[in-house]
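I have placed the structure first, in the form of structure tokens, so that the comments after it can refer back to it.
Chain lettering (A, B, C and D) follows the sequence in which the chains are written, and residue indices restart at 1 in each chain.
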Amino acid sequence: MDTGNGSSEALIRFRLDSRSGVPAYRQLVDQVRHAVALGVLRTGDRLPSVREVVTQITINPNTVHRAYRELEVAGLAEGRPGLGTFVVERGKGGGHGPSEQQGALLAELRSWVAKAGSAGLDIEGVQALFAASLDEVAMPGETGETPHDEKRGRQ
Amino acid sequence: MTWFAWRTQRLQVLVAIGAVAVIAVMLVITGEAYRSAASSPLLTSPSCSTGLSLNCANAFSRLGQANRWVGYAHGLVLAFPALVGVLVGAPIVASEMAHGTNRLAWAQSVSRTRWLAVKLLLSGLAIAVAVGAIVPLLAWWAGASQISRLYPGDFDVTGTVVLGYTLFAFMLGAALGAVIQRVGWAIAAALGVFVGARLWVESFRAHLVAPVSVVLPNGIGPLYSATGLFSVDSPLARGWVLNQGYVALGRTTPAPGQTWTTEFERFQNCFLSISRPRAEALSQCSAQLKLHYVIQYQPLSHYWALQGAESAVFVGAALILLGVTVLAVRRWRT
Amino acid sequence: MTWLAWRGQRAQLVAIVAAVAVFAGWLALSGTADQSAWLAVSHCGQHCSPLALNRLSSADYWTSPNRLVLTFLPGVIGLVLGAPIVAREIEAGTNRFAWTQTIGRTHWLVTKLLVAGIVAAGAVGALDPLLAWWTGAVRNGPRILPMVFSVTGFVDVGYALFAFMLGALLGSVIRRTGWAIVAGVPLFVAARAWVQFSLRAHLAPVATFAGGLPAGSMIVTPSSVSIAYAPEPSALMNDWQLNQGYVPVGLHGPAAGQTWSTGWNALNRCTGPFPNGNLQVLEQYQRRTQHCIASLKLHYVQQYQPPSHYWRIQTAETALFVGAALVLLGLTVFVVRRWRT
Amino acid sequence: MNDTATVIATSGLSKRYGRTWGLQDCTFNLPRGRIAALVGPNGSGKSTLLRMAAGITRPSAGEIRVLGSSPLEQPRDVLARIGYLDQERPLYKTFRVSEMLRVGKELNRRWDDAKAHEYLEDLGIPLASRIGKLSVGQQAQVSLTLCLAKRPELLLLDEPVAALDPLARSQLMQVLLGSVTDEGTTVLLSSHALADLDVVCDYLIILSSSRVLLAGDLESLRAEHRLLVGPRRDRSNVPAGAELVSATDTERQSTWLLRAIGSITAPGSDMVEPTLEEIVLAYLRQQPAGSHSRLAGSRDLSLADDPLDSGEQVRAR
């Protein structure tokens, strides 16, 4: 375990898409989530320090603090004073649904995408439909934000 | 372009012209004060020639006062060609370079040479006209205040040399400004070089025009001065005596390897060793040692020739500096 | 901060000191030449060779240009070093850096002024011992006389400090180094001239000389007849003579509301015009003059400053200029403290 | 707000230059710990405001308190605790970099020499170089280092990245943000690089024509504003509860910036949270052209009354 070693190389590097319209803190949260989902980050891994993130991607330190706080609230990370912020076991603080349910949803979505493809929709078309339905159906978000706060892809 | 040149330099040029005007006023006041003090009939009246009368003392003190003021004006005239020239000349290129505005100017379709020529011509002409205008005034002032015209120090404040000095100082400031690229240091350097150049030229001024020699016959010299030699009206008295001394008969200058004073001691020893009437002793020594006394001097009639020659020297130097400035500006790259 | 003050003006300070050193060397050289030329002449007396006379005239030629330079030197040094203190910073915008640091503006300014001011005063003051020797070597004349007074003693340090502060103040007001110097020159010259011509004579109690040769006594020599109306005792030769004339007996100057010429004019009206004529006529005129002086109750008074007042006047004039410099310092501090864009 | 939470507080702050206003009736509070962007067109009063905060410009009216003190009355209290970077980034051009650091050390009570050296070393700026020989970017870094080494509580940066190349800009911001993260410094910086500011700043002050158009927490401002993109809409058809800030309409399409507290809907149109750039541009667009810095208040000059603007733009508030 290199968890206590503050000087160790950061395991992930954040990047920001300033054109996406997605708030920066949300991008950071999403990137940690993806990394965890893809197995890039595992329990006990240290997230880059706020200073590292700030100087890497020139971002407001408060934004990084906020993203990490959000991850903590979501139970994905844990701040250890003086050491840093660490990825914790999922489920510890609730959050994501059971994985078997996720698998079913994924299978459903895949078949829907295949249907859309045979109906002649290209990737953009699929994305637009997906985004529009996300917009209209209120998701029970962890943050309890209003629907229009959700991300919106734009050209 | 002319407007541009004027717009960037008008403050300096106007201040310089103002300073020249102040000097002109100063010249009129001091010259007139001296003239009126010196023309007081009291000074030549018998009361003053025989001794001191009450009014006479007053007249003399007035003359002394006027003379002091003439002295201050003299100092100003001595200093102003350098100050006016350098202060107007130095910023012409240097201040543009210091502010980087030359990069703007030289990126336009006007060539650098033309840009420089217009700027130099405009302010150069302005101060030349201003200084040129007081040259006649200086001649009047020198006459009114009865300063000698040929002697060093007096020669420098009258005639066309004043204009020559100004143009030289102006181009010196401009050239050093273009080379040093800093106004302050260019001014300091230019003033130093100007003083050096003036002193150097002054050291050979006497030979810019061939001097005249007076040969005194029969050993007559300082050991027995001929009456009238230095009287007020003699050309010698009004001229500028450069050298004098015993030299070999047939020569008007010391023999090679000798100075004007080499033979004096020999002649004096001879003179003192002969116990005969003075004139005879002098004559005998002159024949015996084959020496005669020569006084070399510049007569007043050479005044304008000397003025012309020295002005030409400084104007020529200014032209060389013009070339240097043009070269520096044309070759300038950051 | 002292280091910054030095570093910021290093080039100018060194240049000025070097220039003064070069001039001092020149002064020593030309002064030595002139001194030995004078010595040679004073030894040969009546029988001076042209060699000695030529040497003297060529060496002595430099005396008055040198004195001219010395007259303006403190002013030039002071203005050149003083004007950039604030103006240069404002020109370069660096004041916006310096004045937003923790150090106070007053502290910043006073340190800069102190460092450059000490150099300015030191450069001028270091010349003073040399000048004391030089003025004697080139026979400048009594040092109480105005032109000599101004280039000897320590008053030049006062001039330098005054010019320095004048430059600093003008620089902080005009905010341009060049124009500050240009504006400073006439102001400095005016201040110097005003003090020298109007004020200096009264910086120490004026000494008066009354009487001396009986007025109107006649001096007869084989070739001429002179009548000494204004006695000129040789004792006054080394003094700085201020005013002279006939004033009412008991007074050492003109009575209130009168000038020095009042007495001259009254006496002149009484004696009538100077006569042309032989000795007898002149003797009559002399008696008439004596009679007039007595009946008008006048006596001859000469006002002067004796050489013994030299240091007293030096101190007073130096104090005057240093005091003015302090006032200018206060104004400069005020201007700098108030500076806002 | 109390003094410990507010770093800069202005009220009715105004500056008049002869007949024109440099800043007019400026009132805002900058909370501690923020990185605030000060944006607006050239001549809108950004430098004037920063200079007044640094105590080198005297307000004509109103009041400004920096870290609880008046920069004019108590300059010592303020200057020791702020780092001010002037627009012209003044440095002694003939000094060497090491000498410039010494200047900073001598002029400040609090000075972190090790940190200053570390910054410059990291950036590869040779200490022996003369300032005048450095690139513009390096000079900017030296200027910033001089500010940071004071370990100020508040940084006032007037266009710190202007005229820098993208790499230098990014490096400068990295140094700045790194230091701010360590020290918790509050920053007020003016800039024209709006895209860069978006993720860097969390507080926004928009100045235009020497007036404050908008000031507040960036996140809240984002939440309060919506960018409506959709088929052309009539101006009268502003969604309920919303206020039109500025509109750009084409024949077929409308792009509106709306201000609304709470949720609003506009069926058929996209409704997205605007970026900082979109908010700034929308607010600046609503200002009538040519009204900059007039002595006569431009405050009451409603765009709707301006025949030339033909209702293209609508004023907020």
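By definition in this document, a contact is a pair of C-beta atoms (placed from the backbone, for glycine too) under 8 Å apart; a residue touches a chain by one contact, two chains touch by 3 or more.
On a predicted model such as this, the values are computed, not experimentally measured, just so you know.
Novice: Taking a step as a move to a touching chain, how many steps at least join chain B to chain D?
Specialist: 2
Novice: Of all the other chains, whose mean CA position lies farthest from chain C?
Specialist: A
Novice: Quick one: report the Å distance separating chain A from chain B, using the average Cα coordinate of each chain.
Specialist: Chain centres of chain A and chain B, defined by C-alpha means, are spaced 90 Å apart.
Novice: Any idea how many Å lie between the Cα centroids of chain B and chain C?
Specialist: Roughly 26 Å separates the two chain centres.
Novice: Just how far, in Å, is the C-alpha centre of chain C from the one of chain A?
Specialist: 87
Novice: Quick check: how many Å separate the C-alpha centres of chain C and chain D?
Specialist: Computed value for the inter-centroid distance: 60 Å.
Novice: Residue numbers in chain A touching 2 or more other chains?
Specialist: If we look for residues of chain A contacting two or more partner chains, we find none.
Novice: What kind of graph do the touching chains make: line, ring, star, complete, other?
Specialist: Looks like a simple chain-to-chain line, open at both ends.
Novice: Report the complete set of touching chain pairs.
Specialist: By the stated definition, chains touch in these pairs: A-D, B-C, C-D.
Novice: Spell out the part of chain D that touches chain C in their complex, as residue ranges.
Specialist: Touch residues, chain D against chain C: 51, 54-58, 72, 75-76, 79-80, 82, 84, 86, 88, 90-95, 99, 102-104, 106-110, 143, 146, 150.
Novice: Spell out the part of chain D that touches chain A in their complex, as residue ranges.
Specialist: 33-35, 170, 173-175, 177-178, 180-182, 195-196, 198-202, 219, 222-223, 226, 263, 270-273, 275
Novice: Chain B touches which residues of chain C in the complex?
Specialist: Residues of chain C touching chain B: 15, 19, 49-51, 54, 61, 64-65, 68, 80, 84, 177-178, 182, 219, 224-230, 244, 261, 264, 267-268, 271, 274, 276.
Novice: In the complex, go through chain C and note every residue touching chain D.
Specialist: Its residues touching chain D are 1, 3-4, 7-8, 11, 92-105, 108, 339-341.
Novice: Residue numbers of chain B touching chain C in their complex, please.
Specialist: Within the complex, chain B contacts chain C at residues 15, 45-47, 50-55, 57-58, 75, 78, 87, 91, 152-153, 183-184, 188, 192, 222, 243-245, 260-261, 264-265, 268.
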